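So, here come the structures, one by one.
Here subunit A shows up in two complexes: once beside subunit B, once beside subunit C.
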Partner chain A sequence: MNRLIFIILFFTLSMRPVENERIITRQGQVSFFSYTSVENIKAENNQVLSIVDLQKGTIAVSMLMNSFIFEKALMKEHFNESYIESDVYPKATFEGNIVDFDPSDKNDQTRMIRGTFTMHGVSKELEIKTKIERKGKNYILSGTFEALVKHYNIKIPPLLAGNIADSISVNFRFEYGPYEK
Partner chain B sequence: MDRMKNRKQIFLVFLVFMISFGSFAQSDLLEILDKEHSDSIRYTSATFKMTRIAIGHSTETRKKGILEVFSANRFWNTGADNSQSFFADKVSARIALEYGLSDRLSFGFGGTTFDGLFDGYLKYKLMRQRSGKNVSPFNITFLQASSYNSNSFRRIYGEATRSSDKRMSFTSQLLISKKFSSKFSVQLAPTFIHRGVVLSNEDPKNHFALGFGARYKLGNHLSLVSEYYYNANKLQSFDTYNPFVLGVNWEQGDVMLQFMLTNTRNMVEDTFITATRNNFNFRNPNLNFGFNATYVIHFKRGLKKKSK
Partner chain C sequence: MKRKIVIPLVAILGITFAYVFINMKDTTQETVMRASPSFYLNANDLVHGFTTENSSTNSILAEDIIGVMGKIKEINTLNNKQTIFLANSDGGNSSVLCDMQQNQINQIQKLKVGDTIRVKGVFKGFLKDVILLNCVITNQNE
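Showing the complex of A and B:
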């Protein structure tokens, strides 16, 4: 009986993913653009966190909304206080799976990432085409997607409707290294 | 037999534990990221949106490279019965330019039509409210303002003197504010004022005052504001009242507007705190309508410089 327990224990422990099968980035880049005839708005966040479990093909992204830097300093205040309400909703998160991800493939791959994006208290299912580059133990994930302002319950006052686009294009680039606690 | 049974139970518990552990691993990626976030310092932004709550300064300073074109107007009626004006008998305007030298230090200067004051100030953000690692519960900003009375001395004193130290007044304020929630912010402002213009020998030259200010957000772009200044040692030669304001702040991108009802006509700290001659009520000469408009110009574009 004892032996059986040990065999099972050994078996289950060896099945669990070891630490270095996770990769993380703490300086992920997310930027968004709003193009209208009146005004172009651009913002960048270079402190986005993301972690990938290579074995399971799962990915999580988390970013603080008040880490976005804008061209105009006052825009950052407006963005945090009047639009995204970062006091109430400080973070935007994404959780999903990389569809058909093959961790053993040493070449670049283009895969769909399917998951839930949560921002301003609203969760949306997203499918994002992502380029996955591999350099030894490091991975780079990059891609772009469109987010509709009205989907996330963000209200734009009528006077400023011409300044902010209905659809915001979001770019991301994450350079991962091995995760160590 | 009993021992055997015990072992079987332990084994089962162990098995269940392992299985459940495996399923937890699905969602713990976000938890790992949450732990990483908890190390970061989070600054509270926009305790007040504008550099003024209504009449007095707020703890906010403009960021580096931002120029504010500021115009403040007060409209009021005289007590005269035969007033012929459509809306207001009198108007006073203060035009000012304010500029952010760094993210913490800003300065401004302006002129007021009604009382002939030219004023300037330096404002420095000493502490910013923040959460996370290294908590700080308050915003603290120091304001040093001075004003120059350009009225002719004959009008002020009834005689001509040449000494210019009688024209200068100084105000020092420690502005302490806290954003309690995304909607509600409060400010306290211990104030010291030295007045140069003294009409009577019984009047104190130095005044101590305490300012109270608050903002409540009605919507994403609209907020209700109020301010009150308690003056501890008032002027003796004529009746003065403590200034009170009730107002609405409305901001639209680069344009910020403030509408207010107040009992003070003056717009510079050393005068509206110490020399407000009306009480706050709806009787005719007392209530003033105030309107401030701020236009913000960015001379420094954050991202462009970064990408170089």
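Showing the complex of A and C:
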């Protein structure tokens, strides 16, 4: 009898829809750094959209390239008009999976995220080591990866080649809350 | 003799001008403060234009300075930025995200969720929300 009750309870609970299967941030932060002996360039975007499906372990990210803030107006102009061509390619996106992600684990986890990053019309497979922190119903995903300029068909004029690093360091920090219906 | 003075003078002026131009700070904030918006819309119409692919927002281009009136849905300081979300009362969870200028802190502190405000800012595009950067609060007559 006890076993029957246990089986019924088990199936009832396992079939119960999980609350807030999806989490969202509309104010994710992505920043990039280019270090050269000529100059250092830093830019930050604080309006990155990302949605994670906790049960499927999938993640989607979308950002507007013209929302990056630079210290100098000329850097922003070169970035948008000459390198990234943000009027032609306004968004960068990432779609991937969090490998071995356990949404029930209340401790911090470090997981690999594998997926496709698309920028400037070029898609590349990436694997990014990501720290996952859980604070109640909220999650924070953060990490760093390197993007090679030549992989994304970005043409730097020879005169400015010394100002832009071959490899750009990209940092991200996404603070998610429950998805609003 | 004159040439000996003029050529170095022109060269120095040229180098100084180039240095100032290359290192000039982003002046977008001051521009928004002074500018008259290209469009004035309420938050509902603006969001509706993007969520339904309505043609009413087709003429808004990225980098246009636009004015928006709407009811405050949320105020937060995530990423050490002052952000105000203007609600879209037509349903759906898309809204207008206004990234406020740092000099707006005193005015923002007087606001609360549910207040109706008018802002102007630089239109960047639409993801899940309409995104405006460098926003300032304006009065009804502006």
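The working rule: the second predicted complex is superposed on the first by the 162 of 181 C-alpha atoms of A that agree within 3 Å, B and C clash if a C-alpha of one lies under 4 Å from a C-alpha of the other, contacts with A are read in each partner's own complex, and residues count from 1 in each chain.
As a working rule, a contact is a pair of C-beta atoms (placed from the backbone, for glycine too) under 8 Å apart; a residue touches a chain by one contact, two chains touch by 3 or more.
Since the model is a prediction, treat every value here as computed from it, not as a measurement.
Colleague: Please tell me, clash or fit, for subunit B and subunit C sharing subunit A in the overlay.
Modeller: Clash: subunit B and subunit C overlap once superposed on subunit A.
Colleague: Taking the superposition as given, does A:Glu81 touch the first partner, subunit B, the second, subunit C, both, or neither?
Modeller: first
Colleague: In the superposed arrangement, which partner chain does A:Gln29 touch: subunit B (first), subunit C (second), both, or neither?
Modeller: The answer is second: A:Gln29 touches subunit C but not subunit B.
Colleague: Does subunit B (first) or subunit C (second) touch A:Asn66, or do both, or does neither?
Modeller: It touches subunit B and subunit C both.
Colleague: Considering only touches as defined above, state whether A:Asn163 meets subunit B (first), subunit C (second), both or neither.
Modeller: Only subunit B is touched by A:Asn163; subunit C is not.
Colleague: In the superposed arrangement, which partner chain does A:Glu95 touch: subunit B (first), subunit C (second), both, or neither?
Modeller: In the superposition, A:Glu95 contacts subunit B only.
Colleague: Taking the superposition on A as described, I'd like to know which of subunit B and subunit C A:Phe145 touches: first, second, both or neither.
Modeller: Neither partner.
Colleague: Would you check which partner chain A:Leu49 touches, where first means subunit B only, second means subunit C only, and both and neither mean what they say?
Modeller: both
Colleague: Identify the partner contact of A:Glu175: answer first if only subunit B is touched, second if only subunit C is, both if each is, neither if none is.
Modeller: The answer is second: A:Glu175 touches subunit C but not subunit B.
Colleague: Tell me the contact category for A:Lys155 with respect to subunit B and subunit C: first, second, both or neither.
Modeller: Touch partner of A:Lys155: subunit B, not subunit C.
Colleague: Looking at subunit A, does subunit C or subunit B touch more of its residues?
Modeller: Comparing subunit B with subunit C, the partner touching more subunit A residues is B.
Colleague: Share the list of subunit A residues that count as touching for subunit B in one structure and for subunit C in the other.
Modeller: Touching subunit B and subunit C on subunit A: residues 24, 26, 47, 49, 62, 64, 66, 69-74, 76, 86-87, 90-91.
Colleague: Mind listing the subunit C positions that touch subunit A in their complex?
Modeller: Residue positions touching the partner: 21-28, 62-63, 76, 78-79, 81, 83, 93, 97, 99, 124-125, 127-129, 131, 133.
Colleague: What part of subunit A is in contact with subunit B in the complex they form?
Modeller: Touch list, subunit A to subunit B: 1-2, 4-5, 8-9, 12, 16-17, 22, 24, 26, 42-44, 47, 49-51, 53, 56, 58-62, 64, 66, 69-74, 76-78, 80-83, 85-88, 90-91, 93, 95, 155, 157, 159-160, 163, 179.
Colleague: Spell out the part of subunit A that touches subunit C in their complex, as residue ranges.
Modeller: Result: residues 24, 26-27, 29, 46-47, 49, 62-64, 66-67, 69-74, 76, 86-87, 90-91, 175, 180-181 of subunit A touch subunit C.
Colleague: What residues of subunit B sit close enough to touch subunit A in their complex?
Modeller: Subunit B reaches subunit A through residues 4, 7-8, 10-11, 14-15, 18, 22, 25-27, 29-30, 32-34, 36-37, 40, 42-46, 49, 62-66, 103, 179, 181-182, 220-221, 251-254, 296, 298, 300-304, 306.
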